[in-house]
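Letters A, B, C, D, E, F, G and H name the chains as they come in the text, with residue numbers starting at 1 for each one.
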Amino acid sequence: MTAGGYEDIGHARVDVDRLRRQGMAEAVYGEGKTAEQIVEILRVLKAHGQLPALATRLDAAKAAAVGAALGAEFEYFPAARLGRLGKARTDDGAGTVVVAAAGTSDLPVAEEAAITAETLGNRVVRLADVGVAGIHRLLAERAALEEASVLVVVAGMEGALASVAGGLAACPVVAVPTGVGYGAAFEGLAALLGMLNSCAAGVAVVNIDNGFGAGVLAHRINHVGRNK
Amino acid sequence: MTAGGYEDIGHARVDVDRLRRQGMAEAVYGEGKTAEQIVEILRVLKAHGQLPALATRLDAAKAAAVGAALGAEFEYFPAARLGRLGKARTDDGAGTVVVAAAGTSDLPVAEEAAITAETLGNRVVRLADVGVAGIHRLLAERAALEEASVLVVVAGMEGALASVAGGLAACPVVAVPTGVGYGAAFEGLAALLGMLNSCAAGVAVVNIDNGFGAGVLAHRINHVGRNK
Amino acid sequence: MTAGGYEDIGHARVDVDRLRRQGMAEAVYGEGKTAEQIVEILRVLKAHGQLPALATRLDAAKAAAVGAALGAEFEYFPAARLGRLGKARTDDGAGTVVVAAAGTSDLPVAEEAAITAETLGNRVVRLADVGVAGIHRLLAERAALEEASVLVVVAGMEGALASVAGGLAACPVVAVPTGVGYGAAFEGLAALLGMLNSCAAGVAVVNIDNGFGAGVLAHRINHVGRNK
Amino acid sequence: MTAGGYEDIGHARVDVDRLRRQGMAEAVYGEGKTAEQIVEILRVLKAHGQLPALATRLDAAKAAAVGAALGAEFEYFPAARLGRLGKARTDDGAGTVVVAAAGTSDLPVAEEAAITAETLGNRVVRLADVGVAGIHRLLAERAALEEASVLVVVAGMEGALASVAGGLAACPVVAVPTGVGYGAAFEGLAALLGMLNSCAAGVAVVNIDNGFGAGVLAHRINHVGRNK
Amino acid sequence: MTAGGYEDIGHARVDVDRLRRQGMAEAVYGEGKTAEQIVEILRVLKAHGQLPALATRLDAAKAAAVGAALGAEFEYFPAARLGRLGKARTDDGAGTVVVAAAGTSDLPVAEEAAITAETLGNRVVRLADVGVAGIHRLLAERAALEEASVLVVVAGMEGALASVAGGLAACPVVAVPTGVGYGAAFEGLAALLGMLNSCAAGVAVVNIDNGFGAGVLAHRINHVGRNK
Amino acid sequence: MTAGGYEDIGHARVDVDRLRRQGMAEAVYGEGKTAEQIVEILRVLKAHGQLPALATRLDAAKAAAVGAALGAEFEYFPAARLGRLGKARTDDGAGTVVVAAAGTSDLPVAEEAAITAETLGNRVVRLADVGVAGIHRLLAERAALEEASVLVVVAGMEGALASVAGGLAACPVVAVPTGVGYGAAFEGLAALLGMLNSCAAGVAVVNIDNGFGAGVLAHRINHVGRNK
Amino acid sequence: MTAGGYEDIGHARVDVDRLRRQGMAEAVYGEGKTAEQIVEILRVLKAHGQLPALATRLDAAKAAAVGAALGAEFEYFPAARLGRLGKARTDDGAGTVVVAAAGTSDLPVAEEAAITAETLGNRVVRLADVGVAGIHRLLAERAALEEASVLVVVAGMEGALASVAGGLAACPVVAVPTGVGYGAAFEGLAALLGMLNSCAAGVAVVNIDNGFGAGVLAHRINHVGRNK
Amino acid sequence: MTAGGYEDIGHARVDVDRLRRQGMAEAVYGEGKTAEQIVEILRVLKAHGQLPALATRLDAAKAAAVGAALGAEFEYFPAARLGRLGKARTDDGAGTVVVAAAGTSDLPVAEEAAITAETLGNRVVRLADVGVAGIHRLLAERAALEEASVLVVVAGMEGALASVAGGLAACPVVAVPTGVGYGAAFEGLAALLGMLNSCAAGVAVVNIDNGFGAGVLAHRINHVGRNK
């Protein structure tokens, strides 16, 4: 049954109205769901033309099981722990989404943001290891920062990259704290608080390790006033 | 001296390059500064054509002193605790910035966001008291949510409005937790955590009570691909 | 010995007065107890007519051992991690207990609440995946919410469902935060704080993941003024 | 205008549908509102027959101003910091609401719960100073606990009264932590955590110092299966 | 070398003056030490007549290795995770140490306290499962509480037993919060805060799960004015 | 009425059984009570022979009002913010209670502990300003520490004095964290955690700034095996 | 009496050995002490040649009273809330102490550090308003950073200046978080955590707002291998 | 490519300017990196003469793989979990770095600090097990403390050693909290807060378990005014 814009399959009410309403399909939160449940939900989404569709926080084992059931149309991005059913859209955004990661250990979250944005139809430029301990590495990419239409900053530890990059860029900045660090990093809390208190204006923050949310937000920002 | 894009006046190094670099003048953080210091900084900004310029978190007494020194060009918005030197820009954004406040007590923060965005050249629509305890009040404004190019959600207590509105809107959502509430609201912490964990995608969060930051971000989003 | 309403079996003083005093048998908290201890306690309860009796937080291995010792009278509900000795009572409550889960990952806790309430003699209606990111899914169940005599809301992440449902229902609402989420969800803390600060009146909260407690409370509410 | 069940008066959208939908009028949260705003909202409620209506967290000065504007129909309860427009309803609940306060300093919150419940049509019995440091004081009231249809427990410091009373009563228990205490009481956090972790089943918790919410919940529980 | 009251064995400076100074040998904190290190330290203690000596937080594997090296003089108490070199002293305290555990899951910590006290020369009475959810179980042991010279209360969850027992006993009360519980128990924090805020006077608290510390303290209290 | 060991005076149930049960009268927690309420409670205590009785956390204004009502039998100790009705008992403890304060700013809490213990019949020795930043000041008092039957340590900031003194003394140590300090002292939290984690055995902790509780505990320890 | 290196004046044991032992006089922590107590302590210090001596956290009123008692030898620095008895020493350090403040509101704490270091015999260079939101302001001072022998970084909000400056400087960096900010700054906690997790090596942190401690540390670093 | 002082190898931008700029090579943070990535980075560092170079938080398996690839020039220090490419520099510091560990379990962190400092050209003296529970063990090392040019204090639990040693030493003190402890130690938080609030002046703190950072800082302090 699909009364009222969703299809009820027992363990889930799949939102088959979301593409129309919000310009993108419902994403499947992979944690705490079985591979079977994920397959069922993705099939419902496909049946209603809700593609491309993403499944997040998917480990390799689940991804293999999902891929076996859904075939070649399903693609898995192990670094980002993302699965995708259907092809990425063509880029039709206002400009470039720049995804900057402070350190090598932040790359998985950055990649989740990047692939999410690409899937939804955005051109993405990736900058790796531009943390502020050696600021010349960031300053060397100043042109990229100034040309971005959206800047996604991914950083753990103290998350200072968000403030520095936020002071250089003129575009909206989406900051993603990560759980990288130890001790008083408190699994991302230090970076989260740092980014929320950024002395640079124009910075907004998503949940710790939420590369997916940052990618969605970057997409929406890059499509303001365009196709919804 | 203004070597290197700033003017050093002893207690402050006024960033007179920011309009060029980031499309807006440096804002003066009013807390912990004397009226005299604020006046000095605003004068430097004006001398370098960095207008309109905002001073945030300005109480009425300081605002009166600043106004007395700067004259009619300085305007004070008491509800928002904002002072402004110079006129608001003409609206040249992609669409409408909608600022929605969950309750009457959230209005000061919402107003800070709204006036900031208007100052920077955006058309703003205000929605008051659309909290989710009576969801029909929000649903009645569904058209406004769907037409927005940016949605700023201002809410205290549990901050649930961000999730519900975030599930209805297709545009980027900037969520502002407020200190409204008591007990386990922990001065905005509950709303902050709620908004960071929003089950709706496309929501980003700024600091508790940071209406100014939300207004700047809304402006930048509404001008993506436009005048930087 | 059973002096004073309990039987002392060394590692436990089994409360054999609770059915008389509070209308239901003592439940066995399964964590940190061996299968042997659980079996012993359940046997004492049975010997004193304290049935049906529940054992909570029972993993599959312990449940198998307990079941092997106690035979067919013992039933295990794996999704809810509940074991039960004795049959569920016949429904004799004032109305219907509605158990609503925000997401698929919240279902185990919801099921613990539902089976607890059914065991104690209540009719239970389950609503799955009615989280607020797609509010039409909840609004489609408005009739169920309005007809409930008690509403149990189970949600992780930001827990906003409690506020929205609490604004629609006229009956008492029991909110159960879950550990679903990551990062700033802080293992259920965000949902817990959100629910405690609900802008809807008439909402009370139990411990994170405490489906059992919610089921007991729903039962008591549904039997106010009836058989104790 | 009152389209869609509310009346928009600029700073507030007064919910004039709540009495029909939830069996009680919207309450006015007095903190952060001016006396004028409160008067306006109460007048709208009265005009739509939404009485009795409560205003919470009202200090004496605001209450005097509100009373001067609204006349004799408005009554103020200083201990509870509650204002009420319109008379309390006649008791039509299933039984008795017992409000038990652990210490003398908890009485204001207990009184807020008691008057809220009385206003909505419930018989209330008050027990003062029955904290567990001298448990004979509580045991002396055992009959009252056993006859209650709802028990509201109000306690600060460690909040242990909720667990002890919850082990004696057969009815639903609504626990209200208060900010009474110092040091590691952390303004009610210790009592809140204690009550959430109560080893007695059937206990639910509301926000710190939220006597109003406890009163509403007690009312709803006491009217399950009755007039909605 | 044993200059200055200790013997330096490289990884440790064994305090061989403690028996004289504080009436008991240094205890070996077993966590983060190898079995070899523990054996070495215990041998030094023995060589200096510092017996009986305890090693705490010793898992079964380490205990087996230590026992193999030290022979029959070493005894292991698996429930308490304690190892002991040398015999327990004869009881020479002022009275009885009563160790009361709220629930079955609290027994390991209670046992650590009990064996520590017995080792140091105290008569210990154990009370299991006297949590306040069924207060008659505690009241049945009232005589034991009144006759105690020290009362050690071991409880997790909300830790309310400390307050209730503290209101009945006339002797000093040592409260030990445990990590028993889940969710908002926050691994013992709720019990810890509850006990620190006990409304009963005369209650002191040790670290979460610190049965050893409670046993030492009970011993010292029970020997005030006696052999040091 | 005084049925069941207490007298009910409306706002309080005065425990008139406590002297018999616990060897000391109920203390009046002065915060959140009016002077009138305190006077009433103290009069009831006196009428039942429950003297000496203490009122804690009493500011000077309330103390003056209470003193005016009760006359010369009431004494006020401003440094300790304690009021006392009735004379201190004669010392009949096992030995000496030593109260050591780390810094000058900790003296009020230390004095609360000292006067409480003296009131209950103990000889008290006060050591001021023996914090560990200049450890020779503490070592100079080594004899006092070694001769104590109970040691009360009062310290703010990091609270290290408890560990150092606890390593020198053979008697039970009662540690009182204070709110002295700033920044990351978090109003006593740092000292509290430090004392709970003391590497010295035999240390127990009471609530932040709880000099009264420490005094009671010291008294009970000093009277173990004596008059209850 | 001055036995053992201190003089006992009742409320304090003045450490008159500290200049010899640690190269500087004991500082007087002004909070929670009366002007009389401060005067007494400073007089003892002077009598023992322990000059210059500092009194910290001194408000203007106390400073006036202290100054009236001690005469011209006492100097007050209102911005830093420091009082000093005796002249600053001549600079004899290894190089320059650079004190950099992120914003105007951080200047009082920076000044406390600067004057402390100057008092102890160090040349100090002050850099104001070099926060990272406009990084060109910091880069313009690169020469100063590279020539420093110690760098003290004072910053509130997210404290990112410590990481950026720490990545440019080769000398030891002492980071001082301040309480500047609001909301999720949590009175300095965000800056504190940020600085502790600095991705730049060679950064150490002192307590929030502890300019004095930073000044002492800078002094000791600048005098390593010199006069103690 | 090595434009601008770094070499971009895709997953990392290796800072090959750091030796010149800050006197030491970039260290490789081993957590969250593969052995292959670590090898690549170390090879780039070597190619640019950036030796000796350290890799931190390296487990034995990764170290073996790195060692197999890099040969004999790579050395692994298992206790410290440090890998080093290139020889330690010759000692050319101002004096001695003393690394003092409170307990045996703190030794791994102490060793990380010691080897880091030795690698960078410092003479290091190690003091093990000098915790304050037996203060004579520390006092016996008083000469070492007084002769140090830098003192690194490594301690878990309550971290009191920092305050006591800080009161004895005249040199700068770098305090390293460790995660040693349990319960309310909160994985190093108690020690961290304790050290930040040290009543001894001249103490600075690094992140929990950050032996590496302490070693770097000790090195820089020991080289102030010398070779950068």
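Convention: a contact is a pair of C-beta atoms (placed from the backbone, for glycine too) under 8 Å apart; a residue touches a chain by one contact, two chains touch by 3 or more.
Everything numeric here is computed off the predicted structure, so don't read it as measured data.
Set against the Cα centre of subunit C, the chain with the most distant centre is G. Residue contact pairs shared with E-F exceed half only for one pair among A-B, B-D or D-E, and that pair is A-B.
The greatest centre-to-centre distance from subunit E, using averaged C-alpha positions, is reached by B.
Centroids built from CA atoms put subunit C at 36 Å from subunit A.
Once the centre of each chain is set as its mean CA position, subunit A and subunit G turn out to be 44 Å apart. Centre to centre, using the average C-alpha position, subunit G and subunit H are separated by 25 Å.
Across the assembly, subunit G contributes residues 103, 133-134, 167-168, 183-185, 189, 192, 196-197, 201, 207 that each touch 2 or more other chains. Pairs of chains meeting the touch criterion: A-B, A-C, A-G, A-H, B-C, B-D, B-G, C-D, C-E, D-E, D-F, E-F, E-H, F-G, F-H, G-H. Within the complex, the subunit E residues that touch subunit D are 102-103, 131-135, 157-160, 163-164, 166-168, 181, 183-186, 189-191, 193-201. Interface residues of subunit E, counted against subunit F in their complex, comprise 21-24, 27, 94-95, 149-150, 167-172, 174, 192, 196-197, 201-207, 212-213, 216-217, 220-222, 224-225, 228.
Those residues of subunit F lying in contact with subunit D across their complex are 3-6, 10-13, 15, 17-18, 26, 29, 31-33, 37, 57, 177, 179, 188-189, 192, 207-210. Every residue of subunit F that touches subunit G in the complex is listed here, in rising order: 103-105, 107, 128-130, 133-134, 136-137, 139-140, 180, 182-185.
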